[in-house]
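I am attaching a structure below and will ask some questions about it afterwards.
Each chain carries a letter (A, B, C, D, E and F) given by its place in the written order, and its residues are counted from 1.
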């Protein structure tokens, strides 16, 4: 999966809320990851999902799943430039799932983000790295308190959303949205259009107009919007 | 419902915690909205409740409740100067209930605050507006993921507190408290008194005294407190 | 319980995540308090636990447990320099457990921190005090909404961790960890060692190396790490 | 709202699961009330919704909402033959919402069922009455512990489903489903057809066939199914 | 604490719901244990509380708290005839707190009931014993999965209610209520009266009357009720 | 994976609680599935796990995952005699995961049980089948309300326990335990021994002895126990 320049550019400017709204119009109700927040505000994240799955710790399986070369290390070391590491940890808030050294490694490998539906560890250090990180909570324990890393690049549930390896993951201060790989160009284009309409509506309302007619745009105001849009793009 | 100047002035200075404490003394156990936080710290909110109720989405009812002129738009457009929009969304954290355009409209109409027990959408934009907003969470989906706006100006449950249209809604960094309309003058006056007593107690403790006698104020220290209070108000 | 200088020094520099990790290696799975966060970031807390236990309000017991000289006041007034007040409030998020006057008193008595698994009240004021405070939530109600202070210096559950009076409580931006009194010297020393290894590993990964071999440190890299450590300590 | 004989007959025989499945095919995702169970197994319930709404107790409003002639009594006394009382109590499990005397009154007035998303009180007595009752839990407290009855015959949320007065409420051992009034004839007919197909599929699978082709029925088996159905209805 | 004959007799016949209702009238809002159910229906339980407290497992404390002579064994072996064992296990549903051998011992020692706000283990065997048992859930693990027994005969929180050793614990199919020791005679008497009034009201409603006037009994019907009551007691 | 006769015989007689207890002694803390209950009491289940994984519904993936030949049908149709179908549905209580036709198919194929950590549909019908079924809840919706069946025979989380295909699944009235395939012979043998010791202890306590010495068996009583055991097995 590689993103075209125009799609990447659009994804870097549209809001995750707009993407989730457009996906909903296409019938996809669960695209926005619930309950996660960025460690550091003011950043944007765009990348392609590489998935990692944790299961409940079962001590007899430590030799299989919690060894030196386990799925956590395997997945992090396999990260490609432009990828986002997406960790499924069953929404458990009270066990770490990733810490600062793995995050630094992800950064060095060119990853563009880290998303976990569990907790981060070394959270203050993570927040200072030059890579966006989204989490449910901070917790000082290691993953061994509740988890084993089990496998990589399978479809996963992350924070209530099915994420398929290769899906496009976008984040801003609101949170994280998963855009299906096969739909990403169209959704990005629609979202860019939608943002224009909302920007116009916002301006109209800011200027004192009613929301009725301006948001959502009604047909009788379309010409006015289009004139605004054309004037704007010609500058 | 319009607030007298002295009551408004008092509500703009006393803490929500003090108001909740005074209401509890009057037998009202649930006045402070649970689980909500301000988008932006350092602001105060005082206003009169205008209520909006959401119910679970039922797709057959979209023509009735989720049309262009639905209860969300109706309620926002009806906002009067000095009102706070209070949204009952069943404490659902994973669906938006209001976004930046409606919030701008509320601001333009003179509303003094927005409170939802669900999620906000476009949260970063909302946080930048010149109107205090309180929410449970940020979520990028539209309300259609889980809700329909159903009606306006009915009694509602917002974050565990019954809010009647016309009640007085006060917010600070701690959160939001609902003051019954019929009691607001008395409660505001008592709260202002209580804050004076707590300020005196705080000063005494800061100066090294025990909490016993100073907080709460005991009878044997009352004269001392009153002298402090009188000296203070004469300056 | 008094901490040796070297142990205190170590506890003031190592991360709570490192302490929790080392305790887990010693077989202690639950040492990090779950779901709590600091009111103010950038602070560290080290101190000896003094415990306070709240039980559900039972109005017939107010004359026993919720009087002027109740367990809350008794415990706060008994605080010794270097102690951390640890409140067990059944993880209830919607009732205050401590406010600014008691916190100021704790500060004046030399306490080095306050931890509650319930809510704080007057939270903005608390955040401005020169004492670290950890809580689950902010809530404007007094403890009487749900709690009675019942006793002091008993073993308690705080945020899912058993805390014994005299245990050592350490906090940073990640949260709070409880170090058993009898183990504190050894754990602090191990944690300091562990941080050195992680620091080296972090540097190696920052420089572009794989995590494999560097984190955790493998035997074949031990000499390299030790040379780094010795060079570092000689400066 | 009155049900035609054929619709009533169908609703008395089809499973709530079948109704929920057919409603989902028509795009309605939330029709089955979540988390409720019948007090007594082996009963069926069919009736028209009369709604009652509870809000959080606010002690200053007792003179308005918790008096002798409150909304609970008003709603129960207004019950018509063939109606089901549907109580919205915010899914609160730890406060009663109805007890045996009101349930007996409902029975005497010809009501055909009682549904609450809160707790029942006097639960063992309720279970012995000749009227189906569905609840979330048993709890010995009166509603005053957490609730006030506020109004009647408004749209409500009951156990996650929007119920409009006049909707058709159907219950069996699985639980309760809400069928929109405007759709009830069509849904009942479709559900009866669907049950026939499932009965045939079940017989085929019971006889040792694969589920593939038999459930759901595929086109190549339709003739076989129809022959079975016709043979069956001719007996 | 020993119960008088008349009080015991009353407690053995009145419903827990009636006791909770009467306690609420005396201002006690939390007396009914939330979320617990009997293992076996049709039994009644009356006894005096002996309390046992569990805290989160901390493996370094096993030599102190989870030894052969731990607080669980100590408390069970100390049970006196007429006592109910009340276990505080932080409402944790996924770890056993008591099994069949300890329950048999309680029975042999004359205990009249067992109440835990955690899980039972060997639940089917427990259900067959001749002693009422109330629990939150069944779970096959031992207490060591999450708990340590810590102490005995302290005030505890059991299922949201403060229980003091010596309080009177009453159970029926609805669940369990805690009656404060100092109030038990009065509460039992009031509850017996209340049940008479409700029985009369129930009869009137069963006979076709409105609930208004009959439940709760209004003054204009008091003479009628009293005549019924006197006639009844003279038979 | 096929079970030896002696292991199967032991697993058919020992309690799931005993198995969970023995596994805990071997260091495995999470083997008992939390929050599940049998549809029908009085049954035992022993079989080898065949796993099925559900993920959150994503409507764009219906052509991949929710087709006629989806993972649900594939897994059910692949069931071998002696297998237990184990469904991972993220502990979601409000969507069906399996209904009566698939359950009948499982029965016909020789499966010995069905376990889901979500809801069952057609629950009353399922309860009547001659195959043990364990679930979290009953719900009338189809899986499409929240789930897609995604894959088969992968390691899964079921009700908080990692289940590997081939693990041995045992159920009784208490619930379900997962015994690791590689350990099953030893664990079964130990559990059978443990039950003998508990049976002896139970008899001693039933006869009026203290629990101390009898449960758990202490060394000084071992000879007595062994004599009892030998006498018993010789009959």
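Keep this in mind: contacts are C-beta pairs under 8 Å (C-beta built on N, C-alpha and C of every residue); 3 or more make two chains touch, one makes a residue touch a chain.
Fair warning: this is a prediction, and the values are worked out from it, not measured in the lab.
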Inquiry  = Starting from the defined contact criterion, work out which chains touch subunit C and subunit E both, please.
reply    = none
Inquiry  = If each hop has to land on a touching chain, what is the smallest number of hops from subunit A to subunit E?
reply    = 2
From subunit A, the most remote chain by mean C-alpha position = E
Key: Identified repeat of the C-E interface (over half of residue pairs identical), from A-C, A-F or A-B   = A-F
Task = Give the label of the chain whose average Cα location is farthest from that of subunit B.
result = F
Query = If you average the CA atoms of subunit A and of subunit D, how many Å lie between those two points?
reply = 40
Inquiry  = On a C-alpha centroid basis, what's the spacing between subunit B and subunit D, in Å?
reply    = 37
Remark   = Per the C-alpha means, the centres of subunit B and subunit C lie apart by a whole-Å value of 32
Request  = Give me the residues of subunit E that touch two or more other chains.
outcome  = 29-31, 160
Note = Every touching pair of chains is listed here as A-B, A-C, A-F, B-C, B-D, C-E, D-E, D-F, E-F
Task = Going by the contact rule at the top, pick out the subunit E residues touching subunit D in the complex.
result = 15-17, 19-21, 24, 29-32, 34-35, 37, 41, 160, 172-175, 177, 198, 201-202, 205-206, 208, 210-212, 214-215, 218
Query = Which residues of subunit F touch subunit A in the complex?
reply = 26-31, 55-61, 90, 148, 150-151, 154-157, 160-162, 164, 180, 182-183
Ask   = Which residues, counting only subunit D, touch subunit E once they are in their complex?
value = 68-69, 73, 76-77, 93-94, 96, 99-102, 104-105, 108, 121-124, 137-142, 144-145
